[in-house]
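In what follows, structures are represented as structure tokens.
Heads up, the next two complexes both have chain A, just with different partners, chain B and then chain C.
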Partner chain A sequence: MVLLEKLILGLAAGTIYGVMALSFVLIYRVGKIVNIAVGDMVLLGSYLIFAFSGLRLIGNPAMNLLLGLVMASFVGLIIAIATERFLMRPLYGQSILALIMMTVALGMILRGFTIVEWGTILRVFPGQHEVFPPVPLKVGVIEIPYVYIWSTVGSLIIFGSFLYLFRKTLFGFAMRAVSLNPEAAATHGISIKRIYTYTWMIGYVAAFLAGLVLGAINGINVTITYLGLARALPAALIGGLDSPGGAMLGGLLLGLIEHSIGTYLNMFIPGIRDIVPYIVLLIVLIVKPYGLFGTERIERV
Partner chain B sequence: MLILNNVEVTFDPFILVIKGVSMEIPEGSIVAILGANGAGKSTILKAISGVIRMERGKVTHGYIEFNRSRIENKAPEEVAKKGIIYVHEGRSVFEELTVEEDLLAGLYGRRSFDPKDALEFVYNYFPRLKEKRKVKSGLLSGGEQQMLVIGRALISKPDVLLLDEPSLGLAPKVVTEVFKTIKQINEEENVTVVLAEQNVRKALEIADYGYVIEGGRVVLHGSAERLSKNPDVQNYYLGIGESGRISYQDIKSYKRRKRWIS
Partner chain C sequence: MSESRPCGVIKESYEKDMAFFEKPFHYFAIGILTAILLLVPYMLPEFYVNILMLIAIFGIAIMGLNLLTNAYLFSVMHAALMGVGAFTTAFISQQVPFYIAIPISGIMAALVSVFFGLPSLRIKVFYLLFSTTAAQFIIEWILNWLTRDIPGSAVYTSPIAIANHQFTMPEKYYLYLTITAILAYLIAHINRTPLGKAMVMMAEKDYAAQVQGVNLLKFKTLAFAISGFYAGVAGSLWSYLLGLVTPEHFPFLMSWELLGVGVIVGGLGSYVWGSILGSIMIIVVTQLTTIIVSALAPHLPWLGASAFGLRALMYGVIIALILILEPRGLASLLRKVKRYFDLWPFSY
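Take a look at the complex of A and B:
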């Protein structure tokens, strides 16, 4: 029963890792940009939600928090436009390394901004204890904290709607076309720059949702950056860098392993819980270098 | 009507590739741009479609006009929105997408049509694509991929199709099939076609008018009929000598290529 509880907890945590990995994978796949700033985007998200929900525009604390997320997401869209226009666009056609360095710079800017604006003390969302009661939900003998339930629901909604967009709509086809052959896509009237901007928008919104969840679990503080990056990267790599579905599965796998094997081993070797995901990552990469679901290029013989 | 007037194309920073080309491409016609490797055929098409912009090239002199509006140095997606679709040489399919998704990606930039009708419209010309609509386009045969990229260009009902070497790497029989379909599209949909080709014989079979390019200049132009009767074209591109086919024993290849302009 304890194991079952840990597995459920692992899956719930995994969904939010999956959403962070999705943000990373999408930007990598479409724009060929290794986005080191993903952790900082998560951090910025949690602070923006903290700030907006601090306005207390709605009495109901749950709705207030949700409104904070929506308002933060709108700000995220604007930041996405600025990111693409002013940081990334001048570098298209330059080396991959220049783009990576630019995302490192982006991360520094975002993180620095949050430190300047809100300092480094640990904060919690206003009304957090009413929305996510500290007493976990009991189903039989299994105890699940409320925050995990809501994070799973939120993650699945955002992931499902993204997958529909990506796989079934003209917009999704255009996005994938740009990721495969930008030049050919442009000759069909698909604006590459605009697709890149949309990609960043989705990336920011996904990261902000993760910011809400991690902020609620961990408390809002600059450590979220490292927590985010340390989970988004291995999840993305396990799933195969360029597959959104793989990102979610990678996240789930990561959550499961962390909460089952990791928690178990942690009783004997304190602190190993945070390392176990990386051991799994190593094994996966040795066996399948493209990750579990990464595309191996189609080549006609 | 698509007009090129004294167009010069320079690639970064000063490599002059097209040296003053003028063309007139009337609506609803098939115009062939002929020439050997490196003559500048593709660059002319890329200049019209704006793709040179992505390759650090620029129209530095002259202008390109489509239906009385200037289109030189515009971004490729803007040119595409005006109804001029460029089809890359070498079958640039989106490998990981299925045939159907690949076709629909061509509709995104100009989605004024119902996707279902648009697909049927393309399948009408390329029934073989319909059979394979769930197959990933990277796995199609060369001929099918060529049909796919032409179909993807066709799906948004363009006014002008710029086809860059559609015969490249295809079996002669498939080339005949592809060219027949191009002619059919031109006649039934009144689509203007600009064809850059090395396969001069095939191109002149379906074209109304032709331009021979060499070294970035137009060296000869005229109706397809006149071109195919021109002794120089026969000699240098069609391999026909005055006494029927040339015996390759008599050729001194380094002397053979006629230089119109030195």
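Take a look at the complex of A and C:
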């Protein structure tokens, strides 16, 4: 029964890892940018939601948090435009190292800004204990914290709407076209710059949702950066770096592994659970570097 | 060496083409620099000498990382490798003198580096960033685990000494300077060795290099080993400078500082001067933020805790600016100045 509880917890946590991995995978697939700043985007999201829900514009705490998320997302859209315009656009066509280092710079700027603005004290969302009661929900003997239930619902909504957007609409079609071949897409009248901007926007919104959940589970603190990075990278790798569906599957698998094997090992070696995602990452890299659904790169001399 | 020279610079013999210092002026400049560095402890207060030693330490670590990055092998585990070196020194410094402890620390870090670098045979480019990210956190965790019984995880290092004679300030500084000079001299020559030539090919495309007869296993391992050795020596020197080490001294962020500020801002491919410039950048920004925050703290109390954040913010802005304005780093600015004066005053 304990195992079943851990598995359910793992799946619930996995959905949110999947959303973070989605943010990473989308930016990689469309823009060919390895976004190291994903953890910092999550961090910024949780702090922005903290700030906006701190205004308490609506009395109901749940609606208040939701409104905070929406307002933070709008700020995220503006940041996405700035990111694309001022940081990424000057570097298009340059080496992959330059693009990676630019996302590193972006991450440092975002993290530095949050620390300068809000300090390093551990914070909680206003009204968090009313929205996510500390007493877990009991189904039979299985106990599930409320945060996980709401995060699963939120992640699935975001993920489902993204998949619909990506697979079924004309906009998603344009995105896939740009990801396949930017020049050919441009000759067919697709504005690449605009598509890249939209990609960053979706990436930021997904990361901000993850920020809300991680902030509620973990408390809002700088450590969210490493939590986010440590979960997003392995999840994205397991699924394959350029497959949005694989990102969710990778997240779920990672959540399962972390909450079952990680918790089990933790009984023997205290603290090893923190590095289980990294060990998974190393194993995946060595055994199957292109993941479950990723396209294999064929190198020619 | 590999750069094309402007017109007017004529090499008449192979000796001149291979010369380490191309012109008499370079001997003069190096001499002046050496004289200044030797005189520093007598002219400046100890605080600045300490900063110079820190610059030397980070410079050594960045030299190794610069070498690795130039072969298109990315690593963000170098802070952890410095940690391996520092902890090795801290653990054995009671038993053995420094001239044995420093190389042993370097070799330990080199072994760890090779172990985590071996996947580089199978995985490429940014996948290597992921695997070394994992390596950084795993090494950090292992260091924490090793020191779990020690209060505060702080391991003390005994001071540098030969036969009961403890090194005091100028001697310690000269020792650091000598080690840095030796390592810089060695790495400046690396492009003339088989490794350097293999690295140029590997950086372009390692498959192609393999077709041309480059033994990838050998040279990738060698690149990781040398890089790890430099990081280990840097960690060892750090350990002797501070007198104690904890795993918190070598966080993930420091790896990014080494790669981002040290290598990219300093100048990728410019092993000595680029690395030193990057190292100066890291130390100067660190000191600057400390000064700014301590100056502003009485007026703005909330700023007190965020020297760390201000530093990250400044690093981010600097990296972004350098990438947009001067992608080859500060060393290329230096090169441009040099090029200008090469042909001065008749540059046509």
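Rule of thumb we're sticking to: the second predicted complex is superposed on the first by the 296 of 301 C-alpha atoms of A that agree within 3 Å, B and C clash if a C-alpha of one lies under 4 Å from a C-alpha of the other, contacts with A are read in each partner's own complex, and residues count from 1 in each chain.
One rule holds in what follows: a contact is a pair of C-beta atoms (placed from the backbone, for glycine too) under 8 Å apart; a residue touches a chain by one contact, two chains touch by 3 or more.
Please read these numbers as outputs of a predicted model, since none were measured by experiment.
Of the two partner chains placed by the overlay, only chain C lies in contact with A:Leu87; chain B stays clear of it. When the two structures are aligned on the shared chain, A:Leu282 is found in touch with chain C, with no touch to chain B. Taking chain B and chain C in turn and counting the residues of chain A each one touches, the greater count comes from C. In the superposed model, A:Ala105 makes contact with chain C only, not with chain B.
Shared-chain residue A:Ala174: touches chain B; no touch with chain C.
Once the two complexes are laid over each other on the shared chain, residue contacts for A:Ser191 go to chain B alone; chain C is not touched.
In the superposition on chain A, A:Glu183 contacts chain B only, with no contact to chain C.
The intersection of chain A residues touching chain B with those touching chain C, taken from the two complexes, comprises 299-300.
Residue ranges of chain C in contact with chain A, taken from their complex: 69, 72, 74, 119, 122-127, 129-131, 133-135, 137-138, 141, 144-145, 205, 207-208, 211, 252, 256, 259-260, 264, 268, 302-303, 305-306, 308-317, 319-320, 323-324, 327. Against chain A, the residues of chain B that register as touching in their complex are 49, 51, 54, 75-77, 80-81, 85-88, 92, 94-97, 101-102, 104-111, 115, 136, 138-139, 149, 152-153, 156. Contact residues on chain A toward chain C in their complex (touch as defined above): 34, 36, 87, 90-91, 94, 96-98, 100-102, 104-116, 119-121, 226, 229-230, 233, 237, 269, 271-272, 274-275, 278-279, 281-282, 285-286, 289, 299-301. Within the complex formed with chain B, the chain A residues making contact are 170-171, 173-174, 176-177, 180-181, 183-192, 295, 297-300.
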